[in-house]
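Shared chain: chain A. Partners: chain B in the first complex, chain C in the second.
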Partner chain A sequence: MNVFMPNTLAEACDLCAKQPDLIPLAGATDLLVHWPLRQSEHDKSYLDLSKLRELRKITWAADSLTLGALTTYWDVLQDSRAKSEFPLLCESARQVGAIQIQSRGTWAGNIANGSPAADGVPVLMAYDASVTLTSKSGARSVPLHEYYTGYRKSVRRTDELISTITMPLRKYDFSVFHKVGARRAQAITKIGLAVTREASAAAPWRVVANSVAATVKRCPAIEQLLQSASPIRKPDDFSSAIAADVTPIDDIRSTADYRRTVLARLLYHSLNGVCPSVT
Partner chain B sequence: MQEHFIPSPIHDRSAAVSIRFNLNGRDVDIPIDPTERLLDTLRYRLKLPGSKEGCGEGECGACTVIIDDLPANACLIPTFQVRGCKVRTIESIPASSLQPMLEAGATQCGACTPGVVVTANWIKEHSDVLASNTMRALMAGNLCRCTGYDGIIDGLEKWIGKPPGGRS
Partner chain C sequence: MQRLEGLSKLSGAERYLDDEPLEGTLKGCLWGMTVRSPASRGKIRQISYGSDFDWSHFVVVEPRDIPGPNETYLIENDQPVLAPGYVRHMHEAVALVAHEDRNLLRRAVASIQVEIDPDPPVLDFRIAPRPDQIQRGTDNIIKRLQIKKGDVHAAFANAYKIVEGEYETGAQEHVYIENNAMSAWMEEGPNGDVVVVRGSMQCPYYVLNALKHALQRDETRVRVIQAPTGGGFGGKEDYPSTIALHCALLALKARRPVKIIYDRSEDMAATPKRHPSLVRHKTAVAKDGRLLAQHIEVILDGGAYVTLSPVVLSRGIIHAAGPYFCENVLIESKAVLTNCVPYGAFRGFGAPQTIFACERQMDRIAHAVGLEPVEVRRINLLRDGQTTSTQQIVSGGTDRHALLDSAVRASDYDKHKRESEAFNKTHPYLRRGIGVATVLHGAGFTGNGEVYLNSKVDVGGRSDGKIEVLAASTEMGQGTNTAFTAIAAEAAGLNATDIVIGVPDTFRVPNSGPTVASRTVMVVGKLIERAIDDLAVQLGQNGKPLRGSALKAAISDWHKKNPGKELKGRATYAPPPNVKFDDKNYVGDAYATYAWGVCIAHVEVDLRTAAIRVLDFTAMQDIGKVINPVLAKGQVQGGVVQAIGWALSEEFKFKDGGMLNNTLTNYIIPTSDDVPPIRVIFHETPYPFGGGGAKGVGELPMDGPAPAILSAVAHATGADAKAIPLTPEKLLSLLPQNC
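After this line comes the complex of A and B, so read on.
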């Protein structure tokens, strides 16, 4: 195993420009699961980002919140404004493992790791987050809902690193996050849902689901259904929109059928009385 | 130090990395293998076997240590990541601290106990976190399969005192 330990983002970008097979590492909480058994991964090369202090900061601007790529779940839980401006960030952060994971795991690592069951990603996406990808040749911003291209695949080039995550400061009049797991703490998501409604916006709804497709996924058909005002009287009335948006599978944690059924019920019961067409 | 029955999983097979960190108040400067987990470095290289391996996947909390003043699972940390950090293990906590836990029946087989005590001691030293977190939520990363959580929470209340509002 080769590990590179840069101290600045510029050094890190130089290294991954030279060596395209480097795997970036922040909290390492997913990589090290059952590590002694995963010998094939011991032979790879890693880029340890954990000492890039410039990436460990939370910045409030007049119209946005920016999380440096090393911001942990615990960091957000300690931020005095996060709970009032972006309550879903705190709700999801509390449900990632427990404090031992929240203190190490990073929001950007959750994005980069690309698990469809990622708990931090749905709420970031529901807040219209964008990701800054930095390389030796510059930086570009990508909307998070356009970041993934397939199962654990993304638009990030091998010479790029996630440097920041930015969310616009907006007025939301409704938001909800649900995580369905086998138990309340220390569970991996069977079905997750994050919904926001922006006050007085032309297209106010953001609906994001996880563990029901190859990636965490924004759900445009469900968003349109909510905006269309066509009446929804029972959970099944979400079925065709759900079928258009997600493609759940049977796996060790749940079944496709259970995931579709529960997603419909989560939507119906969360939005009943909130969205005027859901009664 | 007695020889451990379990063979050491540490293999110095690739180029060693030299790191320095602060362990329980004293600086250590050691060569490690880059594949080494902090849990193995502590147990097998530094001969501090108090931190236990339960699940090896960051769920049970038996390997809980304090890194730069926050609880973390030593089984999920590559040792090279603690360079320059302050690491505290169960060995830094006086055995007398256990008394309230013993009296409340919060220990039985003992496998989870070091992790439980490390997290509990951290809560005790940072009791302001109880203003926005319940004891149960803060202890959710320490699984116990025999005592039951009521005993652990009773022990914590004896040790730390009831949280504000009386909600544990």
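After this line comes the complex of A and C, so read on.
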């Protein structure tokens, strides 16, 4: 096993450019699961980012919040402004593993790992986060909902690292996060849902679901349905929009049918009385 | 009294086998691993060892290396130590490999291909096998048993209502905190070399018997020592015999110490589980709710070998009619062979399965005759003087009706019921309900089992005046050592500090029987009292036993007069008077005594997700005299938690008979956040033939929670679930559309 430990982001980008097979590590919480059994992982090369202190910053600007790529769930939970401006970040952070994982696991790592069950990604997406990808040749910003291209696939090139995550500061008059796991803690998400409504915006709704498609998925059909004011009187009235947005499967943790049904019920009960067309 | 090893376990000072440094007896130790079957049934065509490894540097054991019969000594000896050219379940042990580099060993074992010519496996015990699936007798049946009392058929003719139901329970993994762990090395002894095995286990003498049989050695040339054991729950009853044999075979071939530590995923995939069950009930009920006849059919999935299934079936059917009086009972049962991992001992040993069915059936009977669930139980609960399904006359003085009443009071049953119903009328998506179960659990071995075991305990008087308890009963987290110390101190009239508990080591301790069946405190505890009496009488004059400081002084004096000699008090099991069981016809005293319990669960169902949350739990029980209130309460709470998992989330996913979700990520046990406040209340009716007046407590707590919870779910939602685990996915299908 080779582990590179760069001291600066520039150094890290140099290494990435030279060795496209390097696997960036932030909290390494996904790597160590079943480590003794995953012998082939022992032969790979890793880029340990833990010395890049510059990436462990939370920056509040006049119109945005920026999380450095090494920001942990715990860091956000400790930030006094996060709870009032971006409450869903805190709600989802508390649902990740237990305190040990919350204090090592990072938001950027959660994005980079690319699991469709990622707990941190839906809320970031619901807050219209964008990701800065930095490489030797410069930096570019990608809206998070355009980041994934398929199951554990993204627009990130092998010479790029996620350096920051930025969310615009907006006024939301409604937001909700649901994580449905097989138990109340220490669970992998079977269905996740994050919804925000921006106050007095032309397209106010953001609806993001996870564990119901190959990637964490923004749901434009559901967003449009909510905006359209067509009446929704029962959970099943969400069915066709859900079918347009997501493609749940039967797997070891749940069933496609359960995922679709529960997503509809969560939407209905969360929005009943919130969205005027849902009654 | 504080738990003896509590501090060392809390502080992490306790060394489990995996923590032991490779020094002393483990110097030069190799790591051992198991090569396993990739198929559920078939002939082994070939074992190909990967070409990337120099196998001359590895120790490899195949069936031909077994000195004696390739059999794991148990009820029928049908389970091989290593599959002899034919496999009967996925992950069955085929060969063994050892090397000093643990990671290299893992890679080497992964390189080994076991090629199988498959035969059609039996993977669903509920379906009758096809001819090409027959592997035992003419029908794959491992054991049939029947209980018959009165005449059910005549009673059905006169019934006010006949209620029928079919109930299913799933497999369950023990999830002891410490995975299976075993070590073995060679020592020199007076009769030649000695194979020493030390590891995590419940029953040292089971392991000893297995080693004697397959290694063809007598007990002077095999020695078994229990290491600190991090949980068992039945999972370390029979299977450690297999691992001990594996470890010993590698050590014999290598002539070096060997350690085998299972990874969690290997432990979950390859070791025994709780038997899945299918139970059918047909009950004749009178208009007033009395049970007139119970016709019960029990089918257990035995897995690929006989192992303990006949006795699990036996305990299962004896509990199948519940703690109720019924004049006419017919219980027919079978355990069937399949090509799943052998199912084995698990806390409750068949009783939780049949009690689940019985209690769900009682709720449905209540519904059929328009009675409250508590009421139908009150009407039918056994009273002293009445008989069980095996025609055992119930005695002992426990007032089961009072137990039920106090559980109803302690849980605020009526108030919660009223409030839940009001809550359900107004809440958009939460539903609350309350449920009850009344249970019994036979303590100690079934029928004449204790007589056959003929258990023995010694106590040694040491030169410092202290008394050492010498028994093969093991501490595995449940508090044996603490309870034994309390019982011995009380019997000797000494302080707890004057009692020493000897390490279970077959060179030092007699066979006090396996550490199973809720028998340790009750049966072995009583033997400790009697062994101390024996010592006290030996040292007293004219048959008058000594106690307290006089006993302690006499022990020291004896050693001064008899330097270098051993002073021992001894006891051998004697059954309580008038306990008789006809094990051919299943008539009579199936257990010397029973513990009794009432469980009340208050739950909340989220209609959006069909998730069930237990809000509050009351466990009321009579376990005779409570020896240590903290430990006894811990036993009950732990059992409730384990049963919540079995009832709601611990679902096995199989592929071709192999466990797919063999990780703690995907096999869902409850976390502390899933556990409700658990009120534990004891009624004490001392049992004169148990140690310190105690009955067994280990298994009873597993019996009631699952049916009580499902009863509460039915009250909350109207969903009449008949199978567990009742996962949200399954409950969703029982709820109306568009909740």
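Keep this in mind: the second predicted complex is superposed on the first by the 279 of 279 C-alpha atoms of A that agree within 3 Å, B and C clash if a C-alpha of one lies under 4 Å from a C-alpha of the other, contacts with A are read in each partner's own complex, and residues count from 1 in each chain.
As a working rule, a residue touches a chain if its C-beta (ideal position, glycine included) is under 8 Å from a C-beta of that chain, and two chains touch if they have at least 3 such contacts.
It should be emphasised that the depicted structure is a prediction, and the values quoted were computed from it without experimental measurement.
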Tell me which partner A:Q186 touches in the superposition: chain B (first), chain C (second), both or neither. both
Can A:I101 be said to touch chain B (first), chain C (second), both, or neither? first
After lining up the shared chain so the two structures overlap, which partner does A:A28 touch, if you call chain B first and chain C second: first, second, both or neither? first
Applying the touch criterion given at the start, work out whether A:S230 contacts chain B, chain C, both or neither, answering first, second, both or neither. neither
If we overlay the two complexes on their shared chain A, which of chain B and chain C does A:W74 touch? Say first, second, both or neither. first
With the two complexes superposed on chain A, say which partner A:T59 touches: chain B (first), chain C (second), both, or neither. neither
Classify the contacts of A:V3 with the two partner chains as first (chain B alone), second (chain C alone), both, or neither. first
Using the superposition on chain A described above, determine whether A:P36 touches chain B (first), chain C (second), both, or neither. both
Touching partner for A:S141 - first (chain B), second (chain C), both, neither: neither
Doubly contacted residues of chain A, that is, touched by chain B and again by chain C: 33-34, 36, 42, 184-186
Give the list of chain B residues in touch with chain A in this complex. 9, 14, 17, 33-35, 37, 56-59, 61, 64, 67, 70-73, 75-78, 80-81, 83-84, 119, 132, 137-143
Could you pull out which chain C residues touch chain A in their complex? 103, 106-107, 110, 263, 265, 428-429, 607-611, 613, 649, 653, 660-661, 663, 665-666, 668, 670-674, 727-729, 732, 737-739
Would you pull the chain A residues touching chain C in the complex into a rising list? 33-34, 36-37, 39, 42, 180, 182-188, 191, 234-236, 252-255, 257-258, 261-262, 265-266, 269, 272
Within their complex, state which residues of chain A touch chain B. 1-3, 5, 25, 28-29, 32-36, 42, 46, 48, 50-51, 74, 77, 94, 97-101, 103-104, 184-186
